[in-house]
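Listed after this line are the structures, all set down as C-alpha cells.
Look at the two complexes coming up: subunit A is in both, with subunit B in one and subunit C in the other.
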Partner chain A sequence: MKLENIQFELNVFAAEMAKLKNEKHFDFLVTIVGEDFGEEGLGCIYILENTKTHERMSVKAVNADRNEPYIPTVMHLWKSAEILEREVYDFFGIKFLGHKDMRRIYLRSDFEGYPFRKDYDMSADNNRYVLTDDPEPDYTFEYNLDKDGRLVATKRPLFGDEDYVINIGPQHPATHGVLRLQTVLDGETIKKIYPHCGYIHRGIEKMCESYTYPQTLALTDRMDYLSAMMNRHALCSVIEEAMGVEITDRIKYIRTIMDELQRLDSHLLFYGCCAQDLGALTAFIYGMRDREQVLNVMEETTGGRLIQNYYRIGGCQADIDPNFVQNVKKLCAYMKPMFKEYRDIFTGNVILQNRFKNVGRLSMEDAISYGCTGGTGRAAGWHNDVRKNHPYDMYGKVDFDEITYQNGDCFDRYMVRMDEMEQSIRIIEQLIDNIPAGDFYIKQKPIIRVPEGQWYTSCEGSRGEIGVYLDSKGDKSPYRLKFRPMGLPLVSALDDLLRGEKIADLIAVGATLDYVIPDIDR
Partner chain B sequence: MFDFSIVTTWFDSLLRETLGLGDFLSILIECVLVGVFILAAYAMLAIVLIFMERKVCAYFQCRLGPMRVGPWGVFQVFADVLKMLQKEIFFVDKADKLLYLVAPFLVLIASVGTFSFMPWNKGAGILDFNVGIFLLTAISSIGVVGVFLAGWGSNNKYSVVSAMRGAVQMISYEMSLCLCLITAVVLTGTMQISGIVEAQSGPFGWLVFQGHIPAIIAFIVFLVAGNAEANRGPFDLPEAESELTAGYHTEYSGMGFGFFYLAEYLNMFVIAGVATTVFLGGWMPIHIGVAGVDSFMDCIPGIVWFLGKAFLLVWVLLWIRWSFPRLRIDQILKLEWKYLMPLSLINLVLMTVIVALGWYIK
Partner chain C sequence: MEVRKPHIKSIPYAEFKDNESLEKIVNELHEGGVDVFVGSLDQAINWGRSNSLWSLTFATSCCGIEFMAVGCARYDFARFGFEVTRNSPRQADLIMCAGTITHKMAPVLKRLYDEMAEPKYVVAVGGCAISGGPFKGSYHVVKGIEEIIPVDVFVPGCPPRPEAILYGMMQLQRKVKIEKFFGGRNRKEKKPVVVTNVPEDFNK
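Presenting the complex of A and B:
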C-alpha cells in the first residue's frame, strides 16, 4: 500500500488521533515508524487500521527542532504505543510528552546519541565496543511541557524498597533466546514485569539503509528465523509493489506453498517448545521429529534449513526441485495422523489443561490495543489474519478457515496454532497439484532503484503480521526501512497478562505467546 | 526359600566363637562390613538407575540414548561419574559456606538412611526393629532440610524460590505418605519391616490383595505422594528446569551436584522399594494356594522378587515422569491438601473398619 500521509500539527496531534480512534474506529495501531526526515525534522509515521473495514491509513507527525524534539504520546489511546514509542525514543531521541516510562529499550542506558538519525557519527572511533557493565538506572523519566513550552522531566522510581526483583533471562531456558524480563515477585506471585530487549539487537534496519535492495534481503531470514519465508515475502512484496513488478502465477503458487510450509515448521516448533517449557519432554521430541520432515522438504528446494534465502525481488532464487511436488504430498500424508498423536500425548492431558485454561487471559479489546496479531489475537476472537483481510498471492483463491477462539487464554492460543497446522496442510493440498508453468523469476535490472515514495506491505507471519515500511528517495538503497516485529507487541502485553499470576504461569504464557527474540530485537 | 540369616548367624558365630573376639570388636567389624555393603549397593544401584532412566526415556522419545561409550552405551554413567569427580567445587560470592557444604550431605544421609531399611531377602533386612516404618519416615524428613539449606545457602534467587517450593511440597506430601503407611500398619499389625513382609505370606497375601480396596487406594496415593516426595516429574517443581534453571542445586558443581543427583535417583528407588515392601510383599513370592506353583515360586530367590517388583515400580515412575507436564505450585498443594490427604484419612478409617470386622482376605 502506498502511503498517503495525513499530517497533524503537534498541538492538536493527540486530540486528532483520539478522534481517529474513537470516531473513525481506527483502533489498531499497526506500527509507529520513527524517521529522520532531514530538513523537515524528526518525526513518526503512524500506520492505523480500522478493525471493522480493514481500511488502513497513515498519519505523520514531525518536529522540526532537532535538539529537543518531542511529540505528544498516544499511549493512552493504543497500549502498543508504550513500547513502540520507547523504540522511537531509543533510536531517534524523540521524547513523547506524557509517556510514563521514557527509557531506552534496545540500546545500553549509557549509550550516547541516537543512531538512526542521519547525522549520527558512524565512524569507528565513536562506536567502540564497551567493556564496562551497563549502569542500569532503577528510575525512569516522564517528559512534559511547562507553561513556557519547555521540556521538563519528572523522575519516577521503578521499584519499591521492599520489592524482590528477579531476572528471568537474558540467559534462561524458557525465554527462548536472550529476552530479559525483570520480574518483581511477592513470593511466587508476579507483581510487575519490565521487559528489556536488545540483547541480540543487530541494527538490521540501520544496516539496510546502506545496503542495495538485493543486499537487504540477506538480513530478513535472520530476524524471525521461524518465519524466514514470510519476512522475505513481505520485503520482496513491498519492493515489487513500489517498482510495479507483476509476478507470474507460478511464483505466487510457490510462495504460498513455501509460506505455509514455513508456518507448519514454526507451529511444530511451537508445540515442541510448549511441551518442553511445561516439562513434557517426550511431546517436545515428537514435535521436533516431525519438524525435521518439513525441513527436509524445504531443504531440497531452497538448500537451507533455517536460513533459506529463497525469495528475491521479482521471483524466487531457483525453481522448485523436481521431487518437490511428490515430497510435499508425502509430507501431507505423513503429518495428518500425527495431529492425533499430539492430541493424545499432550493436548488432552489433564495437567496441561489445568496449566493452560484461564491462565494469562487477553481480552479482544486488549489484543487489538496491544496490536497482538497472529494466533494470540485470534485466540481472543479478533479476526486479524492478513491472509483473509488483505489477501496476497494465492490466499484470496484458496479455501481455508481463519481459526479463532473466544477466551484468549493460554489454551486457546495453543489450540489456534494446533488447528492452523491442519489449515496449512489444507492450503498446500489445494495448490500442490496445480502449480502452473511459467517463469520462476522475472529478470530485474542489475541495479534496482525504487521510485520515490513510501510504502507499507504486510504478510501473515508465523506469529502475527510481519510488515515492512519502505521510504525511498529513488536511490539504489532505501532511505528508511522498518520492519514491524511480530513479537514486540506480545512482549509489551506480558506485564498486563501476568500481574497477579505465578512464576510458572510466566513460563506457560511465554510459551504460548510464541515470541522469537531476534524478531523483536532485529 | 533361602533364609539369609543363616549366613549372618554363621558369620557372627565365626567372629565371636571361632576367633574369640569380644562384643565390641565383633559388632564393630559387622557394622563396618554392613556399612560398606550399603554404600556399595547404593552406588551400584545409582549407576543402574541413571542408565535405566536414560535408556527408558530415550525409547519413549524415539531416540537411542547413550550409545558411544562402551557397547550399547553401558559405560556412559561411569564416564559421567569420572567427569563429576574431577570437577572443581566452587563457592558463590557471599554464599553461606557452611550451609552450602552441609546441604548435599544432609540429602545424602536421608537417602542412605531410608535405603538401609530395604528388606533385600528373607533375613537380609539391615535396619529392622519394632518401629521400623516410623523411623523410616522420620529419617526421610531430613532430606527437606538439605534441600532447603542448599537453596538458602547458595545466595541465588532462583535457588531460594526453589527451596521454598521444595520445603512446602515435601512437608505437605509427607502427610499422605505417612497416612498410607499407617493404613498398611493397621492391617499387618506391626511396624517392623520384616514383620510387615511376613504378614504378607500365604495365598494372595500381598497387601494389595489382602486389603483389597483400601490397600489399593493407599498404594496409588503412596506412589503419587512418593513421587512428589522424591521431587520427580510431574512434581519436579523445585528443579523445574524451564522455570528456575536447576532450582536449589543451580550453584553446585562436582560431587556437590553429584550427591543431589545420586539422592534423587535413590529416593526414587527407595519410594519404589518401600511401596514394594509394604504393599507388594517385599521379597515375598506370589502364592496362589496351589502347592506346585507355590513351591516353584519359592525357588526364585527373594532378592530377585524384591528387585523385580521395585524396578517395575521404578519403570512406572519413569513412564509417568516422561509423559506428563509439570504442575504449578498451587495445583500441587491443592492436590495434596484437598484431595490426597482427606482421601488417605477416609481410607485409614475404611481400613480400620475392614480390619475390625475381619473383611480382609486371610
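Presenting the complex of A and C:
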C-alpha cells in the first residue's frame, strides 16, 4: 500500500496517537520505521492497523534537531513500541520521551555513533571489532523534557540488590540461535527477562541502501531462512507494486504454491525443534525426515535447498521443473498420513501435555498490543492472517481455514502450526492441477528505478507478518528499506509471558514461540 | 602364598628399533598362542580421535540449519564418528562455526574457543565464516573468523550443501590422522628464543 502519512506536531503527538488508538480503534501497531529524512531531520513512521476493519494508516513524526532528537513515546499505548522504539534509538539516536528503558538493544553498549544515519561512516577503519567483553551497564535512562524544553536523563537501576540474574544465551541450544535472555530469578520463578539481541545483527537494511534493487533481493533469504520465499515475496511485491508491474496468473500460482511449501518446511522444522527442546529426539528425526521430502520438491525447481533465491522483480528466476506438478502431488500424498503419525508419536504424549497446557499464556489483548502476529497471535484467538485480511496472489481465491485457538498457551501455539500444515497441503492441492500457461517472468529494464514515494507491503511468513517498508527517491537503490521482523514482537512478549512461570518453562515457551534470531536481528 | 617375582628380560634398545627382531618376537608369541599385533601408538590414538570428533553446537544463522540436516537421518554424520553434538565447549572437540560472526559475537566466539580443551579444531562453514560472505560490506560483520581463531578446514557455500559439510568434516579427520601425539604438539619443549632486530652495535 502506498503510504499517505499524517504528520503530527511533536507537542500534541502523544495525545493524537492516543486518540487514534482509543477512538478510531487502531489497536495494532504494525511497526515503527525509523528514518533519516535528510534536511527534514530524523523521525519515525508508525504503521497502524484497525484489527476490526483491517484498515491501515501511517503516521509520521519528525524532529529537525539532529544533535538531540526526541519524540514522545507511545509505549503506554502499544506494548510493542517498547522494543521498537529501542531499535530506533539504537540505529538513529532518537530519544523517546518517557520511555522507561532507553538502552541500545542490537549494538554493543560501547558502540559509538548511530549507524543508520546517512552521515555515518561505513568504512572498515571506522568499524573495528574488539575482543573484550561488552561493558554492560546495570542501569538505564529515562529521558524527559524539563520546563525549559531541555532533555533531562533520569537514571534507573535494572536490578534490585536481592536479584539473582542468570544469562541464557547467546550460546544456548534452546534459544534457537544467538539470543541472550538476561533472566532475573526468585528461586526458580522468573521475575523479569531482559532480552539482548544483535548477536547476529548484520545491518542488512543499511547495506540495502547502497545496493541496486535486484541486489537487495539476495539478502532477504538470509534473514529468516525458514521463510526465505515469503521474505523475498514481500520485497518483490513492494517493488512491483511501486513500479506498477502486473504479474501473470502463472507467477501468482507458482508463488502461492512455493510459499505454502516453504511454510510446510518451516512448520516441520518447528515440530522437530519443539520436540528436541522437550527432549524427544525421535520426533525431531521424524520431522527432519519429512522436511527433506519438501526440500527435494523445491530443490528441483529452484536449485537451492535452504536459500532458494527463486523470486525476482517481475516473476521468478526460472520456470517450474517439468516434474514439479507430479512431485508436489506425490509429496501431498506422502504428507497426509504423516500428520496422524505426528499426533500419535508426540502430540498425545503425556510429557508434552503437561509441559505445554496452561503454560506461558498470552491473552488476545496482549497479543494485539505486542503485535504478536502469526501462529502466536492466532493461538490467542486473534484473526491476524495476512492471507485472509489483505489477500495477495491466489489467497483470495483458494479455500482454506484460518486456524485459531482460544487459550493462547504453549499447547495452542503448537496446535496452530500442526493444523496449518494440513491447510497448506489443502491450498497446494487446489492450485497444483490448474497452473495456467503464461510467462513466468515479465521482462524488466536492466536498471530498475522505483518512482518516488513510500510503500508498505506484507506477506504472511512462517511465523507472522513479514512486512517491507520501502522509501524511494526515484533512484536505482532504495533510500530506506525496512523489514518488519516476525520474531521481534515475540521476544518482547517473553517478559510478560513468563513472569511468574518456572525457569524450565522458558524452554517450552521459547520452543513454541518459534522465533528465528537472524530474522529479529537482520 | 609366595608371590613369584619373575625376572623380566628387557629388549635391547637397538632391537626395539629393528623391525626384524620385532617380527621375530611377534612370531614367537603367535606360536605360543598369544594374539598380538604391533603398530605405532600414534596411529592408534589418531584412529580413536579422528573417529570420535564431537562438535560444539555453534550455529548463528542459516548454515546451522544445514548442519542440523547433516546430523539427521538422511545425511547422518554419526556414520563417520561425529556421533553427537555437545552444548558445552568443555566437552567438545571442535567448533563447527556455522554462520555469520558479528562484532558483538566476536568476543563470545573467542571465549568459547578458549574454553575448549586441547586438542581442538575449528571448521569454518559457509561464506560468512570464511570471509564475511554476502555481508562483507557491512559495518558489523567480522570478515572471516580466521582473524579471531585459527581455522583448520574451510567449507565454502552459502549455505554449503550437507554433502559439502560432510566432506569438510572428513578433511578434518584426515588432518587429525597425521598428527603426532608423542613428539608433536604435546611435547612440552620450549621453543628456542629467536631474537630478530638486534641492534648493530650490540657486541661492540
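We adopt the following convention: the second predicted complex is superposed on the first by the 522 of 522 C-alpha atoms of A that agree within 3 Å, B and C clash if a C-alpha of one lies under 4 Å from a C-alpha of the other, contacts with A are read in each partner's own complex, and residues count from 1 in each chain.
The rule we apply is simple: contacts are C-beta pairs under 8 Å (C-beta built on N, C-alpha and C of every residue); 3 or more make two chains touch, one makes a residue touch a chain.
Everything numeric here is computed off the predicted structure, so don't read it as measured data.
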Which of subunit B and subunit C A:289 touches, first, second, both or neither: both
Subunit B versus subunit C as contact partner of A:345, first or second or both or neither: first
Greater residue coverage of subunit A in the superposed arrangement, subunit B or subunit C: C
Partner chain(s) touched by A:173 [first = subunit B, second = subunit C, both, neither]: both
Partner chain(s) touched by A:478 [first = subunit B, second = subunit C, both, neither]: neither
First (subunit B), second (subunit C), both or neither touched by A:360: neither
First, second, both or neither for A:280, with subunit B first and subunit C second: first
Partner chain in contact with A:43 - subunit B first, subunit C second, else both or neither: neither
First, second, both or neither for A:72, with subunit B first and subunit C second: neither
On subunit A, positions contacted by subunit B and by subunit C: 172-173, 285, 289
Residue ranges of subunit B in contact with subunit A within the complex: 57, 60-63, 157-158, 161, 164-165, 233-234, 236-237, 240-245, 322-331
Subunit C-touching residues of subunit A, taken from the complex the two chains share: 106-108, 115, 120, 122, 124, 126-127, 129-134, 170-173, 177-178, 198-204, 206-207, 210, 218-219, 222, 225-226, 269, 284-285, 288-289, 291-292, 305-307, 517-518
Touching residues on subunit A, where the partner in the complex is subunit B: 164, 166, 172-174, 185, 187-188, 275-283, 285-286, 289, 345-346, 349, 351-352, 354-355, 502-507
Complex contact set, residues of subunit C against subunit A: 57-62, 64-66, 68-69, 72-74, 87, 89, 99-100, 102-108, 110, 112, 134-135, 137-143, 148, 158-159, 161-162
